[in-house]
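The first chain written gets the first letter, and so on, giving A, B, C and D; residue counts start at 1 in each chain.
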Amino acid sequence: MPKTVIGVMGPGDGATETDQQCAYELGCAIAQQGWILLTGGRNQGVMAAANQGAKAANGLTVGILPTADNRQISPAVDIAIRTDMGNGRNNINVLSSDIVIACGMGMGTASEIALALKNGKPVIVINCSPGATEFFQSLSPQQVYNADSPTEAIDILKSLG
Amino acid sequence: MPKTVIGVMGPGDGATETDQQCAYELGCAIAQQGWILLTGGRNQGVMAAANQGAKAANGLTVGILPTADNRQISPAVDIAIRTDMGNGRNNINVLSSDIVIACGMGMGTASEIALALKNGKPVIVINCSPGATEFFQSLSPQQVYNADSPTEAIDILKSLG
Amino acid sequence: MPKTVIGVMGPGDGATETDQQCAYELGCAIAQQGWILLTGGRNQGVMAAANQGAKAANGLTVGILPTADNRQISPAVDIAIRTDMGNGRNNINVLSSDIVIACGMGMGTASEIALALKNGKPVIVINCSPGATEFFQSLSPQQVYNADSPTEAIDILKSLG
Amino acid sequence: MPKTVIGVMGPGDGATETDQQCAYELGCAIAQQGWILLTGGRNQGVMAAANQGAKAANGLTVGILPTADNRQISPAVDIAIRTDMGNGRNNINVLSSDIVIACGMGMGTASEIALALKNGKPVIVINCSPGATEFFQSLSPQQVYNADSPTEAIDILKSLG
């Protein structure tokens, strides 16, 4: 049986300190639950921080890379899925996650939330503006959960499990 | 030299009457300018209406289908690009458009706007809520143009050309 | 109704003079039949020659590019489909062709023939070694047609139409 | 640092008993080396057998599925990458493998060998006809290795590591 995979999506070079701290804690907590962490795999922002958090807690990490090689990979990625699809890999990110957490906001993150909703996945948003959260809730109210902290996000994950 | 391609994105079965009327007029106007219309190719909502409009004005239409065959195709699509990629084709929709018009809103449309912005494309939004428009403008103010009518959208297209 | 699209696949920088001459004639003949030519879109080898042939006969040409932009595009491509998928776009090349012609051989071409067969498309091979032709015929005898000249390839196309 | 991933490709419902026995042994041996097994993930033929072999040896298995869900998944897949890309996922299969082993032959397998070569990956063929092996060696002699047994394939893998 395939293992439970939690996707953590968020900005790369546009990530704030808070986004990264939050992503690190999410990565830790996901690993502690025995779940696999999936990210976009690059060594930047939320992706890098979540992978570091998961490895600090001895978790297993999957990175869905936009590239054909490992050039931009976070060193905390265990399993590199090289797509050579650029932003087209965002649909694979969300399809391969059982639940998606969006931590912070950016253009790529917004595409991942929208694709997750379109593909029927639950999405937990954390560290997003009220306007962003309201917008995505307006697209599909029952799929979007707002979390005020990593702890609350993990509680929501458990309740969805 | 490749021809100018204008993408019209919008909801399928969730499209309103206004969305469809607007898409039809956009399709007409795009064809009248000698531009090629690109859509997601399915026989529903904004995609179907835009293609009908373009054909009514003797335009050329390209449909980027989510499927491996023509099962769901709008009969007003001239050139069928069959991707077999589901929603993953949304990235191709926007990359293959020189400018993207989002007419109405839905989960797929939101993903296309976000992917268009991420890929550096100008996006004209029409018939979207103020909250949606503000959200996307917050992601990249200089790439998002709001149009109040198909005529205004075409004026913006010309100014961007 | 979507127009008939014929895909011409073949080597890029590894194309021989014969491959290119053959591709040029195929492009011409496809355009003269009123069919659309589809290639991998790059300005090299078989892709470039087929597009030139089609434009010399006033045809319409579609290029499915591996890139996110037009950097490598043949100037004889009318409609650029930008996939940003590298060799992953080869599956779209064959899915979007009603019939595939392989003109010459290389690693990319071999992948396109195999993907075309897997997706149920007829494949006409021209200017390929007997060993290559036999190999692909062994995979699916009834889908692979050998042509000794562009004229014979067009005759086979007509018979399959 | 990403772990070493070995891809085992081969026919699904067209797999012979020998193909499956060979794939099972390869899966075992790959796991025993501490490498990760990557397959196309479906519960058929070479994919299913390789995954069973790897799990029998307590290995970790990644399945790159053609679907958006787990409908066709081998129960011996640990990590499901859901692409919704049909045969388009074959390029991801080979890009994400450090070395590709082709065990048996079919249309999909042929596409994977060709894509692996195109993407610069070493390919070990086992249980393929002399004609098939010669064809792929003619495309790129230095990338294609012939193995007469799973043991020999593993020896080649070690020498390439």
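Rule of thumb we're sticking to: contacts are C-beta pairs under 8 Å (C-beta built on N, C-alpha and C of every residue); 3 or more make two chains touch, one makes a residue touch a chain.
Not measured: the values here are computed from a predicted model.
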item: Comparison of B-D and B-C (more C-beta pairs in contact); value: B-C
item: Of all other chains, the one whose Cα centre sits farthest from chain A; value: C
item: Distance between the centres, which are taken as Cα means, of chain C and chain B, whole angstrom; value: 28
item: Rounded Å distance between chain B and chain D, as computed from the means of their C-alpha atoms; value: 40
item: Where chain B touches two or more other chains, by residue; value: 68, 83-88, 91-92, 119
item: Residue ranges of chain C in contact with chain D within the complex; value: 85-88, 90-92, 105-108, 110-111, 113-115, 117-119, 129, 131-132, 134-136, 138-140
item: In the complex with chain C, residue positions of chain B that touch it; value: 1-3, 5, 36, 62-64, 68, 70, 73, 75, 77-85, 91-92, 95-96, 119
item: Complex contacts: residues of chain D adjacent to chain B; value: 68, 83-88
